[in-house]
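Same chain, two partners: chain A is paired with chain B first, then with chain C.
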Partner chain A sequence: MQTMQNMHEYAFFLGCIAPNRYPGCEASAIKTSAKVGIKLLPLEGASCCPAPGAFGSIDLNVWYAMAARNLCLAEQMKKDIALICNGCYKSIYEVNHILKHDEELRGRVNEILKEIDMEFKGTIDVYHLAELYYDPKVCGVQKIRDSVTTPLTGAKVACHYGCHLLKPKKERHLGDTEAPTWFEELIAAVGAEPVEYRNKMMCCGAGGGVRGYDIVHALDITNEKLINISEVGADAISELCPFCQLQFDRGQIEIKEKFGDVYNIPVLHFNELLGLAQGMSPQDLALDLHAVDCTPFLEKVL
Partner chain B sequence: MAAKSYDNPELNKKLADQRYHNSQSNPEFTKDILKTSRTVANMCYQCGTCTGSCPSAPRSTYRIRLFMRRNVLGLENEALTDPDLWLCTTCYSCTDRCPRDIAPTDVIMAMRNFAFKRDIVPRNFLQTVQLIYNSGHGVPNNDVNRAARVRLGLTADPPTTHMYPEYIKGIQKILDLYGLKENSDRILKGD
Partner chain C sequence: MAENSEPRVGVFVCHCGTNIAGSLDVKDVAEYAKTLPNVAYAAEYQYMCSTPGQNMIKEAIDKYKLTGIVVAACSPRLHEPTFRIATKEGGLNMFRFEMANIREQNSWVHMHGMHDEATAKAKDQVRMAVAKAAYLEDLIPKSVPVEKAAMVVGGGVGGIQAALDLASAGIKTYLVERTPTIGGRMSQLDKTFPTLDCSQCILAPKMVDAGRHPNIELLSYHEVENVEGYIGNFEVTLRKKARGVMNPVEAAAKGIVGGGCNGCGDCTAVCPVIKPNPFEFGMAPRKAIYIYHAQVVPLIYTVDFDACVKCGLCVDACGEKKAIDLEMQDEFPKYKIGTVILATGYDFIPVEEKREWGYKRHENVIHALEFERLICASGPTGGHLVRPSDGATPKSVGFVLCAGSRDNTQDGVGKPYCSRFCCMYSLKHAHQIMEKIEGCKAYIFYMDIRSFGKAYEEFYYRIQNEGCKFIRGRVANILEDPDTKNLHVFTEDTLLGRPVDIELDMVVLASAIQPRDGATELRKKFGVSASSDGWMLEAHPKLNPCGTTTAGVFLAGVCQGPKDIPDTVAQAEGAASAASIPIHIGEVELEPYFAQCMQDICAGCGMCIKLCPYSALDLVEKDGRTVMQVTEAKCKGCGTCGGFCPGGAIKMQHFTTPQIVAQIDAYLLGGE
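And now, the complex of A and B:
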């Protein structure tokens, strides 16, 4: 365990789906990060990021202002933001970046924020917890490996990176978006075997409001990914985004109902996998809230 | 007069119009999209890399390249009234691969913004607005989840607007300043 002085502190931006549907993602983020020198502090009064698909599609100006309000809360704490959802990353990281570099837009957003006694100053940065785990300046793969007490050996895990953490590449800083492997390194660090599969970087299908607009269309995309993932015999899917998690997890139930295809592949956020590897119990992670039963995977690794 | 002329005034007029505008074209639309999308959408040369990268294309009639062309031609009506506009999952694969360094995804987002100005928007988008207006969350907490959170040693409600509802007022003010709640109420009622 780190001493307090060595802890990297971040304002923990929760979003919606992690705290309100998969609380195990939130609990495991707080507990696993504490074991590798990262302290996640509550960001009081934060809201939805807001959902980039829904809000960005309706009125980008509202999207900028609402995301800026969340950023202001962290600026007031004088802490950088860490978060665990790719959708949140799109809103919070991208709006922070745009407003820092576009003076005219910043002025317009601040006119709105003035009405609620806030001002976007551009004094903090935004990170996904997974990139902090991978970054040797903050944590690094070795430290993740060292924190493992129950290696998840014998399980094949398919990595789903999701979209908004890496793409568009020119507005991000996480490297290659065609065949990245850093997530696989993190999976190997917790003792599991990462497996490659066809069209790995394809979308889960849920984003852009499509899950709500045309669920069959969204599920058809998910189904293609599940076919590719099942073909390589994966025991579980791991992702970095609770919305992708929802799409793969509840989506498998919906795909069974609508298309008759059955996969039963458990879907776990990387935080949840790391939690298991650090000795958290399935009860500590509320894996019973997952739609797809995680038991076969758990029996294999624990 | 075009560089090459024919004994056909109508054809000459067409050849002189290097933007291929027709009676349906609104050149202002192209400019509006440029400004809102923050990407040089008018530079598209129709190679089709976007459609080839699109996960929605193989399972629908949605063709991102077609929307890019409609933008260049200023075909506002055609673009904004096409239901396929709402099939983009915003995965940004097209944006990453565009050889012209355009962000077609952001063109779609801008077009959706202009569709909304005409009250064209799927209901689920507006329902998210309602939820955020009332709770601060697009996906709010529920009793099953509250019980699970307590079991995990978390607070029943997360330390967001759920635990600090005094922040919701500020959110409502932002949404009201843009007239978003009012507009979404009106559109939902009109159905």
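And now, the complex of A and C:
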């Protein structure tokens, strides 16, 4: 166990879906990161990120201001933000980036923030926890591998990166958006076998407000993705975003109802897989709250 | 002109139609000029560059006994020569002329609602020019003889054509080619649009002509190492790369009677080392001793010393010809030339970095030059187009146009410009597969079809009528079916306004082009600039497309910007014509803007020697003192030495300290 001095500390931006729908994502983020030298501190007073599709499509100024308020909270803590949701990443990372580089917009946002005695200064950076796990300067794949006590041997896992994490490419810094493999490396580090599948970088179907606006259209996209994943015999889907998780997990129930197609592929956030591999119990991870039963997967790996 | 008389300056302000007069008060400027010190005469006129305008200058010189002329008009790049000649014809030394640029530097940039300010600025400009004109001196241009030889760098169709033209005009021409054979890109092509001539069939005669022309010395497997000198007197050091094989002339020089490479190929038959052939983009093998293809010029084998294991089998096979020398080293011969033409051509961009199209990731995505080799009868498959994944004949092929061209994504790979020949060769590719493979479907994914050349639009209609499918949309991404290795091409059909997913057997990327690897280093050696898109910069995009800003250096073909074969050949002929002019005249006149060392006050410190970018300065012994001396022919008049000299002993002709100080004073102390 590392001493506290060596821990990399981040303000942990929870988001909404993880704590409300998949508490295991939240729990595993805090517990797994502590075992690889990352301490996640509560970002008290944080609101919704706010959801980039729903808010950004309607009023960008609200999106900027709310995200900026969350950033100000972390600035007050003098900590960079770590988060576990691609939607949050889009809002918090991107607004931080935009406001740092657009003086005029920053002035307008700060006018709004003045009403609550806050000011965006641009003093912190924003990271997805998964990129910190992959970054050897913070953690790195080897440290993840070393932290594993129960390797998830024998399970084929299909990786879903999610759109907002990597795209648009020119506004991100995570490299290749067409055929990346760093998530697969993390999956291999927990002992599972990452599998390639057709059209891996396709959207989950939920993002950009599509799930809220036109559920059938969203599910149609999800269904195509599930067909491609089931073709290669994946035992589970892993993603980096509770909203993608919701779409694949709840979506399988909705697809069964609406289209009659049945897949029963468990869907686990990478944090949950890492938690299992580090010895957390399925109860600790609240896997019973998942819509698709995780038992077959658990029986295979535990 | 009497040296000691008071300066008498004549000022002529040009309207340039409304170009100048529309934005500032020309008459006011001319009236103001009359009030300036040393001005003996001032006038304004509609078009100073016209014959009546020039006559005004000539007549005024005589009538008002002028010693200096100022014309306030356009950029000296346009009409300085015109007015210098008028000055000369009026009886003054032509360097007694100074131009105030009140068009490009004034009226054109102050067009709207700045009339008074523009007029005031024009007065400043005229006042400064008058101040300098009062100090102008007679100068004599220097003539230097021109070496009666030229060099062409790059042995593609552009370089070959330029060399043939120069040589046929009686000029000794060195044709330098980096690879072992001339021919360039054109020799890799199967057919040429829109006539569908066999590319190699029409190129080979030119290659052969270049190889045996008495005035052409073919320097294949050579690269430019170093360049010194100036127009008329360049000294170019080449790197004669160790080829490992001697031609008959080289062998004879070493006393090997009747020896040297005759191209029999006995060596390659016994060579045990197999490497990919870069001419075939690695799709066919070659040995460590090799020729690129059957029609190479010169037909001399080359040893790849990076691959050769020096087993000596080839030496034995060569026998009495003794052509092979496995211990050969690079040599550095020097060539004296008068003028040079650069014709270095193009490469494809690293199109694999456009990750969305999957080149080098998906086996059946190839680029257009690979397609040329695969469809070419002399290519690795004997002209049978096959899928790299399984060797099957494709039944549907997609052509992705603008694969990195007209691309503003700023991802470091895409190019904002049009690569100019991809539309046409892709139409030709579509024709070729439909003709060669029965039932094979061709899909062209395009933004616009740019069929601008002679008989090109007709060719476009012809391919439409042959049944090629045209889908207007940029390809978003290409996915590979993991089982069949078929490709799914995703795009939006912007004419139908709907997304498209087409499954195809094969995709050909019409990759954007960029300057050849090494072209940047080469052009810097010759002092040639690049335009913002990276291609070599011509002297003027419209009126001097073959020249560069370095006198004596000319451009031909794609190295100056994307162009097809007809345009390349045309530019090569233009460049050859331009490059032959100084050689035929026999001497070039250099502008007399040299540095002059005032040796009586030069301390001989030598600080300037190291600063000179053109190695034009030397220290010499004179009357027992060490002083600096300028080689005028080498001096470009940049002023580096003059600005630096601690003792003020270097005079920059036409930009002397009194002239410049007078201008500065006129600006700072004058005005209304």
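Keep in mind that, in the parts below, the second predicted complex is superposed on the first by the 302 of 302 C-alpha atoms of A that agree within 3 Å, B and C clash if a C-alpha of one lies under 4 Å from a C-alpha of the other, contacts with A are read in each partner's own complex, and residues count from 1 in each chain.
In this section, a contact is a pair of C-beta atoms (placed from the backbone, for glycine too) under 8 Å apart; a residue touches a chain by one contact, two chains touch by 3 or more.
Predicted model, so just to flag it, every value in this text is computed and none were measured.
When the shared chain is aligned, chain B comes close enough to touch A:Ala286, but chain C does not.
When both complexes are overlaid on chain A, the residue A:Arg21 reaches chain B alone and has no touch with chain C. By the document's definition of touching, neither partner reaches A:Glu9: not chain B, not chain C.
In the superposition on chain A, contact of A:Pro42 is made with chain B only, not with chain C.
By the touch criterion defined above, A:Glu193 reaches neither chain B nor chain C. Judged by the touch definition given at the top, the superposed model places A:Glu119 against neither chain B nor chain C. Comparing chain B with chain C, more residues of chain A are touched by B.
Once the two complexes are overlaid on the shared chain, A:Pro50 sits against chain B while remaining clear of chain C. When both complexes are overlaid on chain A, the residue A:Asp176 reaches chain C alone and has no touch with chain B. Common to the chain B and chain C interfaces on chain A are residues 169-170, 177-178.
Contacts from chain A toward chain C in the complex involve residues 169-170, 176-179, 196-199.
Residues 355-356, 358, 361, 409-411, 477, 479, 481-482, 488 of chain C are the ones that touch chain A when the two sit in their complex.
On chain B, the positions that touch chain A within their shared complex are 36, 55-56, 59-60, 86-93, 95-96, 101, 103, 105, 109-110, 112-113, 116, 121-122, 124-129, 132, 136-142, 144-145, 148-149, 151-154, 158-164, 166-167, 169-171, 173-175, 177-178, 180, 184.
Note for the complex: chain A touches chain B at residues 14, 16-17, 19-21, 23-24, 26-27, 42-48, 50-62, 65-66, 69, 112-113, 115-116, 118, 163-164, 167-170, 177-178, 201-203, 205-210, 212-214, 217-218, 220-221, 224, 283-286, 288-289.
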